[in-house]
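One structure is given here, and the rest of the page talks about it.
As written, the chain order gives the labels A, B, C and D, with residue 1 at the start of each chain.
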Amino acid sequence: MTRPLRYGMVGGGEGAFIGAVHRHALALDHRYVFTAGALSSTPEKARRSGAALGLAEDRTYPTWEAMLEGELARPADERIELVVVVTPNHVHYPVAKAFAGAGIHVVSDKPLVHTSEQADDLIATAERTGVVFAVTYNYTGYPMVKEARRYVQEGRLGRLRKVVVGYHQGWLATKLEDAGAKQAQWRTDPARSGAAGAIGDIGSHAENLMTTVTGLELEAICADLTTFVEGRRLDDDGNLLLRFGGGAKGVLMASQVEIGHENDLVLHVYGEDGALTWRQEDPNALWFAPLEGPVQLLRRGNPYLGDAAQGASRLPAGHPEAFLEAFANVYREVADAIGRHARGEDPAGDYPTVRDGARGVRFIERTVASAASDAKWTPF
Amino acid sequence: MTRPLRYGMVGGGEGAFIGAVHRHALALDHRYVFTAGALSSTPEKARRSGAALGLAEDRTYPTWEAMLEGELARPADERIELVVVVTPNHVHYPVAKAFAGAGIHVVSDKPLVHTSEQADDLIATAERTGVVFAVTYNYTGYPMVKEARRYVQEGRLGRLRKVVVGYHQGWLATKLEDAGAKQAQWRTDPARSGAAGAIGDIGSHAENLMTTVTGLELEAICADLTTFVEGRRLDDDGNLLLRFGGGAKGVLMASQVEIGHENDLVLHVYGEDGALTWRQEDPNALWFAPLEGPVQLLRRGNPYLGDAAQGASRLPAGHPEAFLEAFANVYREVADAIGRHARGEDPAGDYPTVRDGARGVRFIERTVASAASDAKWTPF
Amino acid sequence: MTRPLRYGMVGGGEGAFIGAVHRHALALDHRYVFTAGALSSTPEKARRSGAALGLAEDRTYPTWEAMLEGELARPADERIELVVVVTPNHVHYPVAKAFAGAGIHVVSDKPLVHTSEQADDLIATAERTGVVFAVTYNYTGYPMVKEARRYVQEGRLGRLRKVVVGYHQGWLATKLEDAGAKQAQWRTDPARSGAAGAIGDIGSHAENLMTTVTGLELEAICADLTTFVEGRRLDDDGNLLLRFGGGAKGVLMASQVEIGHENDLVLHVYGEDGALTWRQEDPNALWFAPLEGPVQLLRRGNPYLGDAAQGASRLPAGHPEAFLEAFANVYREVADAIGRHARGEDPAGDYPTVRDGARGVRFIERTVASAASDAKWTPF
Amino acid sequence: MTRPLRYGMVGGGEGAFIGAVHRHALALDHRYVFTAGALSSTPEKARRSGAALGLAEDRTYPTWEAMLEGELARPADERIELVVVVTPNHVHYPVAKAFAGAGIHVVSDKPLVHTSEQADDLIATAERTGVVFAVTYNYTGYPMVKEARRYVQEGRLGRLRKVVVGYHQGWLATKLEDAGAKQAQWRTDPARSGAAGAIGDIGSHAENLMTTVTGLELEAICADLTTFVEGRRLDDDGNLLLRFGGGAKGVLMASQVEIGHENDLVLHVYGEDGALTWRQEDPNALWFAPLEGPVQLLRRGNPYLGDAAQGASRLPAGHPEAFLEAFANVYREVADAIGRHARGEDPAGDYPTVRDGARGVRFIERTVASAASDAKWTPF
């Protein structure tokens, strides 16, 4: 077995759902060891969280700055090799810049940062130090998403015509942020979440999924953003018309007030010769409709799938895999990339990079701009 | 049993799918007798079609003008009481105007006519003579659509926030009109179909379904229309952002190039307190998601449904009803209305009227205008 | 158009669900005219029902005997050509025997009769007079059931191994027969319904569906019948292990106390090379699983289907057909058969015959015998 | 954080699917450290597997006997605390007996052993030494299975009437064991797999799921076992009629030749007041049908669920959990139980025990006996 990589985590302490998800995903394949943490912006909570998670006391830091300093002070073979940034959005930028700048590989949650300037700066930083820099657009880790991408790339859909992508949630249909829900609080706070609410949190996932599968490039968008819940400070619903280079069209919907939907990310891709449908809540299935003949139900774990889908699978067909495995697939690819980096090879791989993160930031910016504009089409 | 009503049909001869659908629907409840026809614009075909369908020779007319004249020449108790107009769209207007003007009740296929001027003229004509004038927006005849309307009207969804309606088809993904398909030919011909293709043929159904269920009124729209199949003369795909009076928002999609979809009309309605989903291809089901608690699967034929849904049902639960029964529900309501008219009562009832048809025409006009405009929002 | 056939109905008056279903199905294709009726065993109700349904007074008979006599007294070109028997089960035998014996074609509801002796007598009678004799196992009228049969017959499943058929209902989960429900009353009354309850009413449908699709012949059965609702006089749940000639095995389940199921008839057929699944409540779909490759979703109305499925369809794909059309398909085949009979041709066709009815009666008898036996296997 | 427990694994080396599943599940919650292994019956393969998995060389044993000896020779605070037995079935017994006898906690794969005598011996051994002894009937680890059990226990279904459970697979539809598939080889070999094939491998899962959810006790069974694939030495298909104490009935189906099914374990439970349906391939859903009112779709992660379902969940609603998390739930319960054991408390918990394993062995034995018997009912 390859030696497991040492990682440190920024954010993700007590009560943070996404930190635990990252740790589960990191643990799944025995490729990482949880070594250090600055788990909360409140030092006492940071300490308590570290203890609860079994971190050594001297690797439990009160701040990320202390963690960076402390880790750099250690010999290279003890030092963390990867930092995982799972704070509210506004903290991503300084942390990622500092660690990447110091030559420590980075996995950051999405949306990457608040502005394209920040994103460009991170790209530059990562290029300068050569670190692996991944952004956890975790949904593209699903095997059947990789299979969908293969179908597009191999031309089974022919020239693409249309994409319909929706990310439907209902959990913010009431003013949960006033009811003490921490998740709801920071996600609806512009200072911490950025310029957009639903569009930033989940619309950017939809953008990433769509782009990853189709390879299409946005040319112009037309957005309508709404805040349905009175007093909320960011959009909780957004709908966009899309125009891609080459003539394809699309619709993107992201909502957190659609009651009855839990985490319903759905992608339809239509080409001249066929179409695909994938739903995150039924992730082991991929529907393929050829121009002629019956619709086919492709399922994870079967021999008719391509290499990427096969390789991203851990269990036989019918033993459902889900969210966690998809998340872990990002980390597995990152571990492989770090391995290649260590051997002086090209670390590029099948994971979302800082450039994907930057495009997501741009998506949010342009959507907000379009929503504020009277012009129909806002160039992307 | 009430005496069956005598009806004549214009259009619907050999090879016309929709004419046969109307006749099946008219036959279903024994409320109508097929009495006269001008079944094709080609007199010889009209004659042949009449014979094939068992019409008397002297009620088989070469033209609709001859039918109008011939029927008016008969005594009232032999004369057709209803004309059913199932021609390509461009013929609806003169036929409907002439028969309604002559005091004969009208059922017209949709879209009603080509322009709002024509539509207004038909409204005026129908008001003048007092005839029953229905437009076969047949999808609102489904029992579970009536149940959805009830849920909205009774406030079970609370104040409405958002509507997502899609009408997804794939049958025009190739240039079928060049392959000798009669349906494809007239539907892609502006002279016969009107100013819009997919938006006119199926987008107008989506508009009607949405409006019937929600009662929301469109305030502004933002449309993008595309012709994906090279050489086609009308749009085969359209996507709209919607703004309703009172602040609700929406998305409407209509496509005939989405491979894998047959006749996939889907409606989602989201309110502050709950949400509904209905799909035409699974018409006996209606999904209701309350703000709290599990999603519920309402099914046709059960005692927990409201009167309108119960009344529009012919079979017990689990014995699926479908397209034809929904279509027949329109005709049953029309028969009841004609009965009330005959007794001097108010013929209003639960069927789509000439005013619904006019709104549908306006929807097409405004969509085409919006698609041609650089302004984001086109007032409705 | 072929001249419509004159039919008379026995049973099916006020409050009888199945009589109305038959009349809707008979009306659908304009192939029949409702001409005479003995609609109830109560003469006054028979008269009232006839009036309500628009029957001529002199064709509304107080008893089936009167109808037979009255119709035979008329000239051949006025006389009913077909009798439709939709009474409770115990009346099927005398009516069918009398009319078939008099040379009038017969469509009888199922189960055909109470005993195999009666069934054999009807076979003999029908052979003697040569009449068309159909039994409304209506579920085999569905286009996708015909497609399933084609797949088996063309060998796409290879040699058959196993059949799992279930007919799941929940409507008799409580003692509805004590709550004034007419349907529940006679169906749980041995004198009217026969020796079996759920097995007779719906188990026989399951048997017919399974046999029609697979062509397999039962060799031995092992049945367990239960009456779950206290005080009920017939089984309301039955489960059988099946052995077919040639080595195939099977499971048949029929229940009327499975809450949550409405009319859930499901068939799975497994062969060496593939498998099929069809569900009555989603009748436009047929799932085909080949040994290799993805599962396929076949849907009614598509060009890849066989002739029988295509011919049994009235609407394009995506315009769902359902129970009524399947029922009408039986009547359409019967009308064609009567036409061939009239022309002196072989009336055999794609409809369930008196022999299917007899096999169904045998199925009920053997199931009841097996349930009463301590031996594991009861020969069929 | 509680200190992670040291575990050793017997079996599960190269090419063994289930060993990897256990290790993933053990890793998920950071409650265990993989410390020692006797990973293959071939010493060289055992060594290679240990190295590949990162085991220390001196904890990589050539045989399970060597592992037991080696670990017992270590001080208690280094010694493995748990042995995980994931060998082919015939090895379970000696390994489990030896380790349990030595006071090391045991998790064994299922079916537990080959005979009830062996099972009883293991029960006695575990009681003597007081170790925690779990059997990985992993499907009962699913949160919605726990919710189903709650519904039954709280009486929401009323008195139970009927259970239908099926475990449908198709992977052994051809003679895979002759094509070099290791899994297929030992599972179809009586010496390694035991007296039954499909019934042992998956039928016993169905039995466990059914019993866990319903609490019903089998009174008598009637089984038909078949070997469809020529030359195979064990059953590949089995169907049973069931009778429970108290009058409930049931059907159990287990097949590995049903093409089109991957790992399709389905449970239906019917009571006097309601019914439940759960499917392993859609594990986040549980359908509840009350006697009155619409069917409800319960979904994992929602606040309306009971404590056991909530506690067995790691992710919010809509972020699907699947096979691995269910498996890990067994291990989490075991870790808690070992913790209680260490503190001198009662280690009983919500995991399947050696007694469940013994009942599963009995189920296999009685099924094989019934299949060989001419009597309809074989007492359980």
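Keep in mind that, in the parts below, contacts are C-beta pairs under 8 Å (C-beta built on N, C-alpha and C of every residue); 3 or more make two chains touch, one makes a residue touch a chain.
Fair warning: this is a prediction, and the values are worked out from it, not measured in the lab.
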Smallest count of steps, each to a touching chain, taking subunit B to subunit D: 1
Most distant chain from subunit B, judged by the mean position of its C-alpha atoms: D
Whole-Å gap separating subunit B and subunit C, where each centre is the average of the chain's CA atoms: 35
Geometric centre distance via CA averages, subunit D-subunit C, whole Å: 44
Contacts with two or more other chains, residues of subunit A listed in rising order: 261, 295, 299
Residues of subunit B that touch subunit A when the two form their complex: 161-162, 164, 166, 170, 173-174, 222, 224, 226, 228, 237, 239, 241, 243, 249, 251, 253, 255, 257-261, 268, 270-275, 277, 287, 289-291, 295, 373-377
Interface residues, subunit A side, partner subunit C - complex: 288, 292-299, 302-304
Sites on subunit D touched by subunit A in the complex: 1, 3-4, 17, 20-21, 23-24, 27-30, 34, 51-54, 169, 261-264, 280-284, 299, 301, 314-325
